[in-house]
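I am attaching a structure below and will ask some questions about it afterwards.
Letters A, B, C and D name the chains as they come in the text, with residue numbers starting at 1 for each one.
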Amino acid sequence: MSWREKVHEVIYEADTKAGKAFDVALLIVIILSLVLVVLDSVDHISIEYHTLFVNLEWIITIFFTIEYILRIISIKKPKSYIFSFYGIVDFLSTVPLYVSLIFASSGALLSLRALRLLRVFRVFKLVRYSGAGSKVSVALKRSLPKIFIFLYSVIIISVIAGTVMYLVEGPKHGFTSIPRGIYWTIVTLTTVGFGDIHPVTPLGQFIATLIMLLGYGVIAVPTGIVTAEMAKENTRTNTQVCYECGENEHRDDAEFCHKCGYSLNKSKKEKKDIEDAN
Amino acid sequence: MSWREKVHEVIYEADTKAGKAFDVALLIVIILSLVLVVLDSVDHISIEYHTLFVNLEWIITIFFTIEYILRIISIKKPKSYIFSFYGIVDFLSTVPLYVSLIFASSGALLSLRALRLLRVFRVFKLVRYSGAGSKVSVALKRSLPKIFIFLYSVIIISVIAGTVMYLVEGPKHGFTSIPRGIYWTIVTLTTVGFGDIHPVTPLGQFIATLIMLLGYGVIAVPTGIVTAEMAKENTRTNTQVCYECGENEHRDDAEFCHKCGYSLNKSKKEKKDIEDAN
Amino acid sequence: MSWREKVHEVIYEADTKAGKAFDVALLIVIILSLVLVVLDSVDHISIEYHTLFVNLEWIITIFFTIEYILRIISIKKPKSYIFSFYGIVDFLSTVPLYVSLIFASSGALLSLRALRLLRVFRVFKLVRYSGAGSKVSVALKRSLPKIFIFLYSVIIISVIAGTVMYLVEGPKHGFTSIPRGIYWTIVTLTTVGFGDIHPVTPLGQFIATLIMLLGYGVIAVPTGIVTAEMAKENTRTNTQVCYECGENEHRDDAEFCHKCGYSLNKSKKEKKDIEDAN
Amino acid sequence: MSWREKVHEVIYEADTKAGKAFDVALLIVIILSLVLVVLDSVDHISIEYHTLFVNLEWIITIFFTIEYILRIISIKKPKSYIFSFYGIVDFLSTVPLYVSLIFASSGALLSLRALRLLRVFRVFKLVRYSGAGSKVSVALKRSLPKIFIFLYSVIIISVIAGTVMYLVEGPKHGFTSIPRGIYWTIVTLTTVGFGDIHPVTPLGQFIATLIMLLGYGVIAVPTGIVTAEMAKENTRTNTQVCYECGENEHRDDAEFCHKCGYSLNKSKKEKKDIEDAN
């Protein structure tokens, strides 16, 4: 095994001890870099610990640079990595500090900060290391088409209700344009209710009441969709596998395969015979 | 096939290539006209692009006019279309600009804008082109009677709680009348909580707490209704009946009875044979 | 049939044509009286239509008085009616205007208004006439014990979180006492979020974030309870009745009564035999 | 039975009459002490009833002291109690008033108050006495891993959205730092919506709209998880197995097998006979 293969095993795989240790170390560095970006945005902390932050920023950037180079070197097809989603994210989370060196004029500090915030894309890396969410995400994926139709209806309702509220309340009471009316409608439908804009006229308040009651019923829909999808997964079938056709999603009380009609009990026996024979 | 039949096929049906293309084009024009109305309500955009908006408005209006005329000509019973829901919507979304020509006095501009906003009814057209939402809407329709009883209870609770809050807090703290108290109660029950009106006295805050906890429990009801209805649809098996053992709860993709292993397709054929024999 | 029995049939029962007509008429009068109370609380409407409101108020009061007297006369045990829940509600919704005659001093107008608002209790009458909500209410009743434990937990969480917020934010930022902290916590946990009080310090905002995420998880519980209860009702069993013991809640695939072990198929046959014999 | 064993039975167990009476008495004292702490935080009540509160505080403290000592004496392994969760809670809820005697300088009153608020931990005691919540808590426990993944995703979304809002809206409109942006995002995602900070720029409001719609879909997930878990528990039949046919999905109240009609009680007896025979 060449050193490239060894590096590949450590960086890209998580089966060996070294691979796992690398993943955990990377996770810690990513979270640390996120905490840095977040804390740096707080004015009084940013001023006090400025030198510390700059140094830590450089250490993390160098770590990410080495990691990025090793990822490119150790993979067989570097291009497929570089232009993959995580390849681009890795590049964008490494580059900002170097760019700030080149364009380091006095006034460029703010734009630099904006670039550094791109570092937040590192969080996408976090997602990569959590395979455990699969069950929930499967239920969500299967719910997606229904949820899109739902969102589509919500948008239509928002456009109509937003226009009506704009006409009824008008610019005097904060509804300065239809987009603002739509914004208010979504704030209301989703039951967020900031209160920055709110109806003042009796008619406006009456319509608002209707929208809220509608939102009350409407909030039930995505919940119902996701719940039904999750409950479906619960009732999903036992682990019997048909020996004849390989079908493995049988009803719990099935005695024969619903696909090929082969006896499931026979399947069990034959499986055992084979296991005993071996 | 006469030209009328051809036009009918293009406009009213979506089976042919031309029919599909027309539907997509219409969808784009409707969304464009909606975007125009929305953007025109934003003051600074409206002033800057005034001429462009007027021109686009005319192009869309002419397009809708031609479409409207073709729809009337190509259908066998024009009256049933004209007085149908979509017939009226189509008419209302075409007419405003023409009306503005006739009543074009200097002060009529504002009322014209109001008329133009009726154009938003075009969004109802969008609904027509989405047949995919049927599953969700079936579950919703079946939930409707329960949801009505629920809304009825919510209104009774709102009237009582609104009156109590009006008595407790009074006009001093924003509860200027019972309708306003009802408005506040619904804002609170639906967990929207704008904060434009809020209880100030300790007793009022205590009652508000009870209303919120009630709303907490109450929000569960429509969700429960819709979810249960959707879950019902999930477990809804197909109607195949095994000819051999009579078992009738088969998986949708079952080809053999899971109880006795008899072929379901054979069951169908035999059933048909018997029916044919009779 | 004496006239008392006739009156009883009209007022207390809804089987005959006259009985139904009376119920509908009563419903309309109750809603009308509610609308009157609500509108009377709006200042400018109250001033403009004062005489009309007073007259309508008297007509409704006389109607309710006659109804109340007829209810007492036509029932066998008047006491059981008078001291029943609806008996008291009927009395309280009839009396206010008469009381205002006796205590009609100049300053008593406000207290009169308060008394008149008791009329809102008439809405409880509305509940009586809606027997359709039984299914939903059955599911709710069965959920009650679980919901009480849930509310109990919410109150404990509120007391602790309210105290912590009172200590962290203090009277400066609106958290003037622990009850106010508890009020804020419930406003937040139930996702109402008025914004009349809100955390200002970073630590307070951090704790608020935790409370909100907790509330996010917690809101799932009552929904889950009610939904599960409603879904249960859906899967609830077929309509087979055991001929032997009368048990009627069997599993859908039951072939023998789970209570007495009697064959359900036999039950069907015997039932049919009896029906055929008749 | 020694007096220690008698005390143990009264304090730690709830089977005997005396044990139940003690539990109820303790519950009342805990709630009373909580009410005292809460009322004492309200300024005008605290001033008026100061002497009463101090006296009641001492009575409760002495009661808790005796209870704490008896708990230690009557148990076999005092250490395991003292360092258990409830042991520490009991200690912390007893000690504050004694500590205030030792450090009773003039300025220490405020810190004393803080110590006294630790008494709120007494509420944890309340939990001990409610064994009824087990069903709900079992469903919640089984939902925990899914809910953690969900919270993890919510935090990632919050960090990204909070940063974007900080960049878009900036310190001018209240988004003074990324942590504040994250706070706002969670306030919005959980549909609380205080309104203390809210987007002002059109772009910010557009992004807020997306976050709200996302939150709308996201709120469905924990609800779905808990509901599915609770529904699962509903369908969870008991563990009776029919001795005759082996069917094992009986209704909880089944006395005979619904498949073969064999007595389940007989099944239990025969099973026991066989076990006894072996």
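The rule is simple: contacts are C-beta pairs under 8 Å (C-beta built on N, C-alpha and C of every residue); 3 or more make two chains touch, one makes a residue touch a chain.
Keep in mind that this is a model prediction, so the values were computed, not measured.
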Higher-contact pair (C-beta pairs counted), A-D versus A-B: A-B
Recurring contact interface, reference C-D, options A-C, B-C or B-D [over half identical by residue number]: B-C
Chain located farthest away, centre of chain D as origin (C-alpha): B
Whole-Å separation of chain centres (CA-atom averages), chain A against chain C: 42
Whole-Å gap separating chain A and chain B, where each centre is the average of the chain's CA atoms: 29
Per-residue overlap in chain A, given as positions that touch at least 2 other chains: 179, 182, 191-195, 219, 223, 225, 227, 231, 235, 253
Chain B residues touching chain A - in the complex, by the definition given at the top: 34, 37-38, 41-43, 114, 117, 120, 123, 126-127, 130, 132-133, 135-136, 139-140, 147, 151, 154, 179-180, 182-183, 186-187, 190-196, 219, 222-223, 225-227, 229-231, 233-235, 249-251, 253-263
In the complex, chain D residues that touch chain A: 145-146, 149-150, 152-153, 156, 159-160, 163, 166-167, 176-179, 182, 188, 191-195, 198, 202, 205-206, 208-209, 212-213, 215-217, 219-221, 223-225, 227-228, 231-232, 235, 249
Contact set on chain A toward chain C in their complex: 191-195, 223, 227, 231, 253
